[in-house]
Amino acid sequence: MRDFLLRIQNLCLGFQTEAGYLRVLDNVSLDLTPGETLGLVGESGCGKSVTAQSILRLLPCPPSRVEEGHIWFDDKDILKLSQSELQDLRGNRIGMIFQEPMTSLNPTMTIGNQLAEPLRLHRKAGAGEARAAALDVLKRVGIGNAEQRLNQYPHELSGGLRQRVMIAMALICSPQMLIADEPTTALDVTIQAQILDLLRTLQKELGISILLITHDLGVVAETCHRVAVMYAGRIVETGTAVQVLTDPQHPYTRGLLAASPRYAKKGERMPAIAGQVPPPGKRGQGCPFAERCPLVMDICATMPPLQGDEHKAACWATKT
Amino acid sequence: MRKFLTIAAAALALAAASPAFAATKQGGAAIVTFNNDLTTLDPQIGYDWQNWSVIKSIFDGLMDYKPGTTELEPDLAQSYTVSDDGLTYTFILRDGIKFHNGRAVTSADVKYSLERAVNPATQSPGGGYFGMIAGYDDLTGGKASELSGITTPDDKTVILKLTRPDATFLHLMAINFAYIVPKEVVEAEGADFGKKPVGTGAFKVVNWTPGQSLELERFADYYRKGLPYLDKLTFEFGQDPTVAVLRLKKGEIDIVGDGIPPAQFTEVMADPANKNLIAEGEQLHTGYVTMNVTTPPFDNVKVRQAVNMAINKDRIVRLINNRAAPATQALPPAMPGYNPDNKGYAYDPEGAKKLLAEAGVGEGFTTELYAMNVDPNPRIAQAIQQDLAAVGIKAEIRSLAQAEVISAGGAGKAPMIWSGGMAWIADFPDPANFYYGILGCAGAVEGGWNWSKFCNKDLDARAEKADAMVKGDQQEARIAEWKSIFDEVLTQAPWAPIFNEKRFTYHSDRLGGEAALFTDPIHIPVNYDYIYAKDAQ
Amino acid sequence: MIGYLAGRLSASFLILVGVTIVTFGLTFLIPADPVAMIAGRTSTPQVREQIRVQLGLDQPLPVQYIAYVTRLAQGDLGRSYARKSDVGPLIASRLPPTLLLMLGAIIAELMIGIPAGLYAASRRGKTADKAAMIASFVSISTPQFVLGLSLIYVFAYLLPWAPLGGYGTFSHLVLPALTLGLAGGGWYSRMMRSSMIEVLQQDYIRTARAKGMPEWRVLLRHGMRNAILPIVAMIGLDVGIFMSGVVVVENVFGWPGIGQLMWQAIQSLDIPIIMGVTLVAAVFIVLGNLLADMIAPLIDPRIRLR
Amino acid sequence: MTAFLEVRDLKKQYPGGVRAVDGVSFDLQQGQTLGVVGESGCGKSTLARLLLRLIEPTFGTVRLNGEDLLALKSAQLRERRRDMQIVFQDPYASLDPRMSIGEAIAEPLDIHNIGNRADRRAQVLKWLDRVGLPRTAAERFPHEFSGGQRQRIGIARALALRPKLLILDEPVSALDVSIQSQVLNLLVDLKSEFGLTYIFISHDLSVVEHIADQVAVMYLGVIVEEGPSQAVFNAPQHPYTQALISAVPHPDPRMKRQRMILGGDPPNPANVPTGCRFHPRCFKAQAICASMPPPAQAMLDHPAWCHFPGP
Amino acid sequence: MWARFARDRAASVGLAIIILFTVAAAAAHWIAPYDPTEQFFDGLTLEGAPLPPSSRFWFGSDTNGRDQFSRLLYGAQTSLLIGVLANGLAVAVGTLLGVTAGFLRGLTGAAIMRLTDLMMAFPPLLLAIALAAILKPGIGIVIVVIALVNWVQIARVIYAETTGLVNREYIEAARAMGAGPWRILWRHLLPHLVPTVIVYATLGIATTVLLEAMLSFLGRGVQPPTPAWGMMIFESQSYFLNAPWLVFVPGAAILILALAFNLVGDGLRDALDPTQRGRT
């Protein structure tokens, strides 16, 4: 039995809209062990960001609603925590960073104040103590001129630096877990390489668990121990990074890998997955990928379960 | 009761009650409210109804009127003599008259004050009154810096030489423009003299916060011993009269300076608690409609008469809560020269139509009626408009700021003007004051105040002849002549007289004094020098 | 930052010069002859002519304008025709009540607008939100003189809780300040609501929540400061709106400020006062905008870059 | 032979000293695809707009089929725009949200007075078919479509005028991988079908590698390396190109590569370093790099602007 | 769009009120019990005070003894006319100048914006008096003056929006297609400004009526005895304690009409936005 830090069980979640209730997460289950990096991959609209945000219950409620499921963190169900218990968890035991370092920092507060905020909140740190800690963490995430940076505002920093500040802010209370929601998507490749390198280093040094949300299989390959692939609100494949990326079982994962321009032959048509991701509300009872799937069968009208041991896939066509 | 309150009766009452004055004790204070701020307290400059009475309590002139009446008496002058030809007046000043700054008044101050009024540099609106003093033209023309007609042989004597006899001259020595000011203070303060006035009057200024309040204090060295009665007199500004009435009911203030606002008039009058608190009196006032006689169709006397007949004065009087009496002629009833036998034009729309037809405008015409834009004037104008419409005259109303109406009137651009809000309240109680500026040729020039542009050389000559009658025994004949002049004016009909306004002063129960003091025809509205505080008695 | 301020200052100066030109030009179109107002009913044409020369009205317009500006530069705003006193001190004595009233109105509108907007934003789409927004429309739709009279009628006449008018104590200030500020409060509540709703959707609000901040601190510490920017810009414009508003409100309440002065001057067409108040009002409007320009970078450091 | 598109020393300088594009020259033959790669702020999007004169260049020449575009008067230029069109990165921002799809696709025809209403309507339907959208799309509005569909609309609109040159400014960057490959395929198909010439601008090297015949690598407003796609990707000469290629993550976790991680921040066009613009971040930098701009050095078969080119 | 609008209950109520007022104004001649200018002899008490509401005068009589209800109905004509035309003109001028300044920028744009700065620093009343001195008083001048005073704020808002829109990529796309400036203005800028324009066209009603009252008072506006709501209030302002119906009846009419326009404006803004169409 593995020792789980975070365990999401059968999470079903949706939004109440004018057009009615739309389910966006369907039976999502995930495990994260201490010191592990789990990649959650999928295309836009697949529910990966919603999953990440639901862990810290950051989705406004209403319109969002959890139909059923549990999110266990350290043997407590986050979904049942009181508001103050939840606030004690956020930023303190679980840190989170977002896709847009540009807009995720408050433009009207200095870096120093924003960094200090979690410490003052959770540790009741004094101003001097918080400042020292902020300096320390800025250095740790590789920001030079830390003293000077503390007094600067977000707009005075480049995108890469801002993302480092975000990471520093998430780490300042030494959390057990970090949720990184598309942390490099808005960055240039050379900067992306820096940030991914930083995440790897930090994880080795601090031993924290990371849930990394991304759409880029390359990022997963370079950073994650294990991977979960999401499609239309469901986990369709999960396993170690090597298993999933070198021996994909689900036709969607396969298609995704094949569509990467890396693998396409010059001058040839690229292997593409036809069609679109069905939007929430137009997802039936069966396999959501069925309408785009080359291997579609009659049985696909019912949802296949995740099958397998370590490497699981939710597809009728694949043997496990 | 109301009959008792006519001017003459009030004067009698005052005279009869005069021993009681001796018993009146000094002390106490009163608060008067005004909506608008006071403009200036400079006697040579101040010329609106609001500062008029306040100036009278701070300054004095050679002559004055008996309180509550229109009867002349010497004031700072102990006595005066008039030469037989009526061209030389000699005034002897009283002893012991001091300015508020402690300096004694001399004859030089009188000369300086009159010259100051005439000198164009002062920009006095009343300088023109003194045109009969010798040297006037030289001073106004910039050829002299003094009035050659005024000499001061000694500290107490002032001799005034006139270029023509003028029966109104003693009245002129009693109006504010002729009040005595101390030269050294005027020169030291310059333009600020109107804000920090120093006079010889019953009250002196203690503090003036523009827009808020003016505090006056009894002048201890006032030459009339025992006067004034009040120790302190405070004016509060920016007080809406509606609010002021409510505050008076609560006992917070003593006099509603602006009078009872039309909106509350009926309610206040109906309240039995106010029975003894409202003083009613007449004013030397006529409200009238001018018709520009130089432009058609008002160049036709029949049209002007028709207008006189078309207007229902009774209804207009009711519109302003009966605070006036329908006017029959240009002069108000309390003015010498008023002809009680002349009933003027009766309301007769049919007759008016007939006259219009005779004048060749039977099908009616379109014209403009100017009026000042402050209540109740636009309402009165609308009432006139409706009456005119009934006889076929379509008058568009131009409801404008006072200055614009005056400008339009002066320029002769206004076919008809309703005079309300700018109307003639006499500066002194003499028919002459109702003639030259507003009905004579002198006023019928560009910028003048004769808005009808009515200029009748014969009448002017007769008026001058009447005013040359200066001797005591000629006075009856003089007034008779004026009466006939004004009868002729009525026939020529440059105006349509509408009503004579009455004044109602609402005061607190704390204040005492004859009703005539609260509706003084000279100290409009209140003679502050003689009213007293009941709680000091 | 210094360049930014210098630019704002020189622009402000140009506006003031423009105001003097336009004011001066417009007053010549007003059909009231100052000489007639000064000279009075007994004056002779001779005296009137002399006064005309004294006032310099016989000079060509550009000469008169230069004389006017020269006097202005020396701090001389001219002399009132109707009030026979210098305009400068007159306005100076009327300014404190007006500034007090405007301050009261700004406080009133902020105290109404910001909490109402915040509350509506936090209850978005609920009954409370809708009620607040209807209320804001009512306050915007009410003409000030109707509002002022209604407040007097109810709170000073029917229920004598406040004085009927006048100046002096705090209780005198309440109704006029409310009258002047209520419409602004309506505007602000709408602006604050939409601005706050926008801010609440920003990523950094999510960041703040992810840090574990209690909701009220998120609203106040991260939300307010960012949402208030458009309102700060409005406070500058408010000065201008108030400058018109005080004319009405001061009259309704007998408040001895420059609004009342202006109203009386307009009624008597006392041109020097009209010009003086216009100029002083323009100075305050310009100062108000300048102040808003200076406060904005303190709230949002990004503006310093401009 | 003159090139189809000839660009010489093109410069755009903004007030305040920002040198967004600082002397770019290249030739492009008809039917070819030029890929322009670089990171944000390198000037590649400005270059696209300069070529179309959506931004007025400060200096330089652009010749299309021998005609100097920069000499055209504005009316002539608008006319000439029939020949060259652009597809933007953000398909949502580049479609007027208040215009239906049909109106949007018909607009270029409308502008150039091509055909009557019915003709234009037919064209709209034809192009909808061609880019793989349902005909019902004509009546709908941009917000009703997904990113990939919107980009198809953008392409249809650009092609409606049958241009010769199509500039694609990051056309697939905002799209998901599975959609990206669909759009790339569509672009390849359209190019051969209509004989188009492409300038394909992207920060994504693998996409450029796939689609481009020629590649130009831009850094801080200048081209640092240029050549046939295969040559540049297989044997990059400039250290920046090398770093760029190595920074792209590869979706095979078993591939253990030696990665070059560039230090420092992305370049700032308001503050261009002296000498070689790349020297502050370069692992090969020497003294000369800070003082002298590097000349073009052709190693193997393509030029790189570096003092020390080569692997 | 109409379906969306109809679903907005507040806006529908607003529209109903506007229609009701418009109909009442148009039919004033048939609905009004009396001539609005007739000063009745029995319209005042013997002491000359106006009469409170009664069966003879439904909303009481005014200080000249005229029927307040009839004046209110006829006044609706004037006030609606002024409100709609003056605001329309102001919005047209403001939009035109704002768009021009935002679209052209450069010298023209700067000149227009400096003009707005100047106008903002300037009391509208003075402008009104001076202008009125040249023009003949009446409804026309009220409309012109109000337009001149009110365009400024609209121009600034439109300018700000235009500068934002001009930088949008779809404008660039239109230019790339070869669209000329006029086309961009008409097809791509103005449609986006319509919601703002509508909101301002409706929000200004209350201010407009106030200005009308002031101008009428100064003798530049509606000439007596023609009734207009603002003037009706101003005329009887001092009677509000003793004859409150004189102030509060037309006051309520202004408030209700302005509120109705505001509600409709708000509703239209939401309904006109196609990004909201069919959206959840």
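We call the chains A, B, C, D and E, going by the order they appear; numbering starts again at 1 in every chain.
The definition used in the following text is that contacts are C-beta pairs under 8 Å (C-beta built on N, C-alpha and C of every residue); 3 or more make two chains touch, one makes a residue touch a chain.
Note that the structure is a prediction, hence the values are computed from the model and not measured.
Looking at chain B and chain C, the chains in contact with each of them are E.
Think of the whole protein's Cα atoms as having one middle point; the chain whose own Cα middle lies nearest to it is C. One inter-chain figure worth recording: chain B and chain E are separated by 45 Å, centre to centre, where each centre is the mean of the chain's CA atoms. In terms of their C-alpha centroids, the spacing between chain A and chain D amounts to 31 Å. One simple way to say how far apart two chains are is to compare their mean CA positions; for chain C and chain D this gives 53 Å.
Chain centres here are Cα averages; for chain B and chain D they lie 90 Å apart. Within chain B, contacts with two or more other chains are made by residues 240, 242, 373, 401, 404. Among the residues of chain D, none is found touching two or more other chains.
Multi-chain contact residues of chain C (touching two or more other chains) are listed as 30-31, 157, 266, 269. Residues 11, 14-16, 18-19, 22-23, 26-27, 29-31, 130, 134, 137-138, 140-146, 149-150, 152-153, 157, 237, 240, 243-244, 247-248, 252, 262, 266, 269, 274, 277-278, 281-282, 285-286, 289 of chain C are the ones touching chain E in the complex. Residues 240-242, 261-267, 269-270, 315, 318-322, 373, 375-376, 378-379, 381-383, 385-386, 396-401, 404 of chain B touch chain E in their complex. Of all residues in chain D, those touching chain A in their complex are 39-40, 146-149, 176-182, 184-185, 188, 203-207, 209-210, 229-230, 243-244, 246-255, 259, 261-263, 265-266.
By the touch rule above, chain E contacts chain C in their complex via residues 10, 114, 117-118, 120-127, 129-131, 133-134, 203, 205-206, 209-210, 213-214, 218, 230, 233-234, 237, 240-241, 244, 247-248, 251, 254-255, 258-259, 261-263, 266.
Those residues of chain E that touch chain D in the complex are listed here as 168-170, 172-180, 183, 187-188, 191-192, 274-275, 277-279.
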